[in-house]
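Here come two complexes built around chain A, the first alongside chain B, the second alongside chain C.
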Partner chain A sequence: MGKLFAVVLAIITVVSTAIFVTHTWWLPVDISAHGHAIDHQLAETMLSSGVLFVLSQLALAAFVWRFGDRRDGRAVTTFPGGVTPMVVFAVVLVGAEVLALTFVGSKVWAGIYQTPPDPNSLQIDVQSEQFAFYFRYPGPDGKFGATHPELINEASENYFGLDPKNDVSARDDIVVPTLTIPVNRPVALTLRAKDVGHAFYVPELRIQQDFVPGLSIPLHFTATQTGKYEIVCTQLCGLGHYNMRAYIEVLPAAQFEQWLKDKAAQQ
Partner chain B sequence: MRIRSRSLLMIALLGSAAMVTPGAPPAAGAISGKVTYTGTPPKMKPIDMAKEPFCARLHAAAPVLTENAVTGPGNALRWVLVYVSAGDQGSAPSTEPVRLDQRGCQYIPHVLVLQPNQPLDIYNDDSTSHNIHPLAKVNPEWNKSQPVGAPPIHTKWEKPEFIPVKCNVHPWMHGWHLVLATPHYAVSGEDGAFSLQGLPPGKYTITAWQEQFGTQTQDVTISGTETKTIDFVFKATPY
Partner chain C sequence: MSQPTTVAAAHHHAPPQGFLRKHVFSLDHKVIGKQYLDLALVAVCTGMVLSWLMRFHLAWPETPIPGLGTLSPSGAAGGVITPEYYLALMTMHGTIMVFFVLTTAPFAGFGNYFLPIQVGAEDMAFPRINMTSFWVTLVAFLVLISAFVVGDGPPLSGWTAYAPLSAVGKDAGPGQGVGQTLWAVSITLFCVAQLLGALNFITTTLDLRTKGMSLARMPYSTWAWFITSVIGLIAFAVLMPACILLILDRVAGTSFFIPAGLVISDRLQPHAGGSPLLWQHLFWFFGHPEVYIAILPGFGIISHILPVFARKPLLGPRVLIACLVSIAFLSYTVWGHHMFLSGMNPFSATLFSVPTLIITIPATIVTLLWIGTIYGAKLRFTTPALFCLGFVSVFVSGGISGFFLAQPSIDTYLHGTYFVVGHFHFVMGVAAMFGIFAATYFWAPKMFGRMMSETLGKWHFWLTFIGVYCVFMPMHYLGLAGNVRRYSAFTDDYLKPLIPLHRFITVAALCTGAAQLIFLFNLIRTRLRGPKAPDNPWEATSLEWSTTSPPPFDNFGGRPPVVQHGPNEYGTRGAAGDYVMQASPQSAGPA
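Presenting the complex of A and B:
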């Protein structure tokens, strides 16, 4: 019975490792300028934790194979010095690995989240609400109108609470439900939430960032491939959470400019 | 005072009885007219339903436009409620069920008028879930999810109230449940026209209500079976 368990353990270890090594269920294509750093970090984490996983599982299988069916009544030799040194050794080993990953990972994280956006970034305001995303561009005047939460009115598509009656800069603001951006140009988003916590998650962009009501959270990235990708909310935000999604459309620069002009004309 | 009131009531009753010819409906007049605007109304903007591919496909050829101020040729104003706000001589509320459809991620009709306790049946005709949420203040507020293929919701409103209705899943979906004590009402059509029928002779206050431009009232006296014509003109602003 002990030998069968050892074989099953070894099979589970080999099969689950093979799934990762062959990238059977792997990340979608990376379409961001910073994504390679995330992917590299992820690969390093997977490799180091994967090696430890394989070694520890195979060691476990080997010990079970060797000692699992002992019937001679002799005690199994314990770790030198007893249990305490073994636990200390394990904690230090795993702790050192986690610390090393954190140190390397924080550099990648800071390189993406703690650096200021390019000053020529395309500025887009994002409003999240149960259960949709809306995106606002400043319009031909280049200025965003001020937002007034008390003026939010879905019936007239005033999702941001603009005051076009008294605020001239709000009149040409473009509000759309699809995030349309040009390829290879830095984009700086400001994330706002109308009601509860939400999240902005685009796997292809390697970005996942929470919205927090009351906070304006900056987020910047550059998309390097054209195409249409899904934005999903990954914070459980209510009954319609499953349906809270939008699309990001990355267009060639000229096509984006034309799209912006067409939208401006509709305001 | 009480004696005088009773006398007046008797006279009114006798008067109305005298006007009724046995076997024929009571004499009634009508009020008809048109609702228009001056100025510049807000643009009717196309609604982008990209988030709900099922509905986006339905409207791919002709996007749905915002309905908070729907205009037509000749400055016509649609979806304006015109009703008797004073002078109604009373009648039993209708018990005919009214129907609200959620179709193509829109409320159809945009403005639904009904009376207290009149049965209301709400259908989801779409291949996507909806969550209807009437923002009632006088009546109890509720919201109900209605998945694909779910049976209709049978409900009613007990008290008169103008209730904005939204969908919790599709933010652009917006409509109104207008609960009126009077059975004399009409909603202006695409040409802005309305008609209030079956009004017994008397003095009435007619109110026109538009969700963005507010209300206007006019006093009208109906005698006999005449049809009076009145028009409402709203002052529209783009914002």
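Presenting the complex of A and C:
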């Protein structure tokens, strides 16, 4: 029975690890300026914790193989060195891994979430609601109009609660259902929620952030590849959660400027 | 370590007379323990059926499930689950499993039955409070389940019930009316029961130990239940007021968790001044320690059972206790790792990340102690032993993925994906269940006076062990591919190629679920007519094996045991074999 356990466990370990190692299912292509740091951190963690995983499972399998069903009449023996090597191994090796991951990881995290956006960033306001995202650009005046929750009206497509009658800066605001951005230019989003919590997740951008009702949450990134990608909601927001998504369209700079001009002209 | 406390066999209450007092409103901790376990059994069957429905729907969203349309005409008209009903099933699955299975069975159930016996007491310190705890837990369960049949259906905001989705009432969607209120009332009641239970466990451990039972001689399972009680006393004391505030937001017009200016279902909500993040902080201040409330009894059970079947002492028992205590302490410093992306100040993410990573050190040490205990052992492959070995393996698998999620920079990608689902199912779901299975096969002879079938037990182990890896390991792959959790269908372009892997998981989950029927059959058959169990079938040392199977009403027949040894006397030369029982007057000699 011990040998069977050891063999089954070894097979489980090898197959599980092989699927990780061969990247059978893996992250999609990275299209962000910061993403390589996250991917690198993930790969480092995968390597170090993968070694720990394989060593522990195979040690368990080996010991169960060796010390199971023993009929040799020998007395039981203690692990060589007793408990000390265990504690030293855990404190030194796992401790070193913890320290390394913390130092490197904090830097990666700080680079995304604790640094101010480039002052030259494209400013976009994002409103999330059950079950859609809307994106607002400040228009030619470069100013966002103020938002008034009591003016929010789905039927008249006033998703942000703007007041163009009385608010000059709101008149030229551009509101669209697709996040259109230029490639290689920093983008600074302000995330707001109309009703309940939502989240902004673009796997290719390696970025995820909750929308919290009552808070305006800043988020910034730079996309480095053109194309069309999905933005999905990852915070449970109600029955249509699974279907809450939008697209992000990354355009060449010139094409983006043209798009922005066309949109402004339509206002 | 403190000196052993001497407590004479003071009778708390007389032996019960009549059926009701003996089997229903019993003050006997053993009956109450079994009642908790029976409740957990009903709960786990319910929770598992819900997970089958979810898994089936994820794999074949358009295929009707026979009979479901009749059971829930609104949630699954024609047998096809609606998106809101999927979320309701998910919410109820999570709530039932976390509270009424993973907390109820290993802690309240086995703890109630065996903690007093293992310390040599004849009952819990407060039998009436103990009985109250159980009945309040049962009412909490019934209140939760009633959400299926009253109002507009069960709540859909997940077991974490994030505000304001959970706080604004029926405007937020179906099930968010009466169903969500019932959820909050149920959890409030559950907290009351757990707080009463924790007080009982702590007092019993500290004050009712028999002569000679110093803290250092307590079995590791008792240590784990004791430490778990301390965690629970603090954790549930925070969740309970949080749930009361949630109820007030819902029914009394307060705004603890609801900010101003929310427009839901085209209606400007009449609330202002609250904070959704406050709910998250209160919830996770409970929620993370809860993970340890679910798994630490498993640590204790494995540390208690493994030496019995290794026929040698547990390696480093004092190190084990030190690790359990440090895990308990650290469990209060890590809650923010659930909130890295919540909009909380990003500086605090680093603060919460460090203790989260540090907690892996005591967890690694404990795992190495188990693996080190197997070295040089004479393993006996009984069913409880196999589940102990399986526990170590799945705990390692689940623990390792914690390295990823503990880092905010990686959580940026993996948060909200199936990677998290795979992680917590392995580490607190499956590992804790393996602890429950090991405990059930190990203690069934004592509780029921009958032996469970080893053949059926082994079939159950193998199918479950291979099954859980087929179910939960692929979820890590899905997460790496960016597969979002809590989706009732995968309509996104990038998710569609992952559906075949979901089908594999569903088939594996249904098969693993079917394998649990073997366990259920084995358990019921054993209780009805299994072969009679001897007093100490496994040749173990702790006090529960010094008394009859099942133990008499006062546990030791009016003669409280006097403890002479620690629980770790295996691989030695005793009168009965290679072990010396705790209450044995004989001294332990070298093997």
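We take it that the second predicted complex is superposed on the first by the 236 of 267 C-alpha atoms of A that agree within 3 Å, B and C clash if a C-alpha of one lies under 4 Å from a C-alpha of the other, contacts with A are read in each partner's own complex, and residues count from 1 in each chain.
The rule we apply is simple: contacts are C-beta pairs under 8 Å (C-beta built on N, C-alpha and C of every residue); 3 or more make two chains touch, one makes a residue touch a chain.
It should be emphasised that the depicted structure is a prediction, and the values quoted were computed from it without experimental measurement.
With the two structures aligned on chain A, chain B fits next to chain C without clashing. In the superposed model, A:Q57 lies in contact with chain C only, and not with chain B.
Once chain A of one complex is fitted onto chain A of the other, the partner contacts of A:P177 are limited to chain B, with no touch recorded for chain C. Touch criterion not met for A:A146: it reaches neither chain B nor chain C. Residue contacts after overlaying the shared chain place A:A10 against neither chain B nor chain C.
In the overlay built on the shared chain, the residue A:P164 is in contact with chain B alone; chain C does not reach it. Using the contact criterion defined above for the overlaid structures, shared-chain residue A:E154 touches chain B and also reaches chain C. In the superposed model, A:A33 makes contact with neither chain B nor chain C. After overlaying the two complexes on the shared chain, residue contacts for A:A246 are found with chain B alone; chain C is out of touch.
Between chain B and chain C, C touches the greater number of residues of chain A. Think of it this way: put the two complexes on top of each other by chain A, and the tightest Cα contact between chain B and chain C is 7 Å.
Comparing which residues of chain A touch chain B with which touch chain C, the overlap comprises 129-130, 154, 238-240, 243, 245.
Interface residues of chain C, counted against chain A in their complex, comprise 82-84, 87, 156-158, 162, 164-165, 168, 172-174, 176, 258-264, 266, 268, 274-277, 310-312, 315-316, 319, 341-343, 346-347, 349-350, 353-354, 357-358, 360-362, 364-365, 367-369, 371-379, 381, 386, 389, 392-393, 396-397, 400-401, 403-404, 406-410, 412-413, 415-417, 458, 462, 465-466, 469, 473, 476-478, 480-482, 484-494, 498, 501, 570-571, 591.
Those residues of chain A that touch chain C in the complex are listed here as 1-2, 5, 8-9, 12, 16, 19-20, 24-28, 37-38, 41-42, 45-46, 48-50, 52-53, 56-57, 59-60, 63-64, 67-70, 75-79, 82-83, 86-87, 89-91, 94-95, 97-98, 101-102, 105-106, 108-110, 112-114, 129-130, 149-150, 152-154, 161, 194-197, 199, 201, 203, 206-215, 217, 230, 232-243, 245.
For chain A in complex with chain B, the touching residues are 129-133, 154-157, 159, 164-165, 171, 176-178, 238-240, 243, 245-247, 266-267. Taken together, the chain B residues at the contact with chain A in this complex read 42-43, 45-52, 66-68, 128-129, 131, 145, 164, 166, 168-172, 174, 211-212, 237-239.
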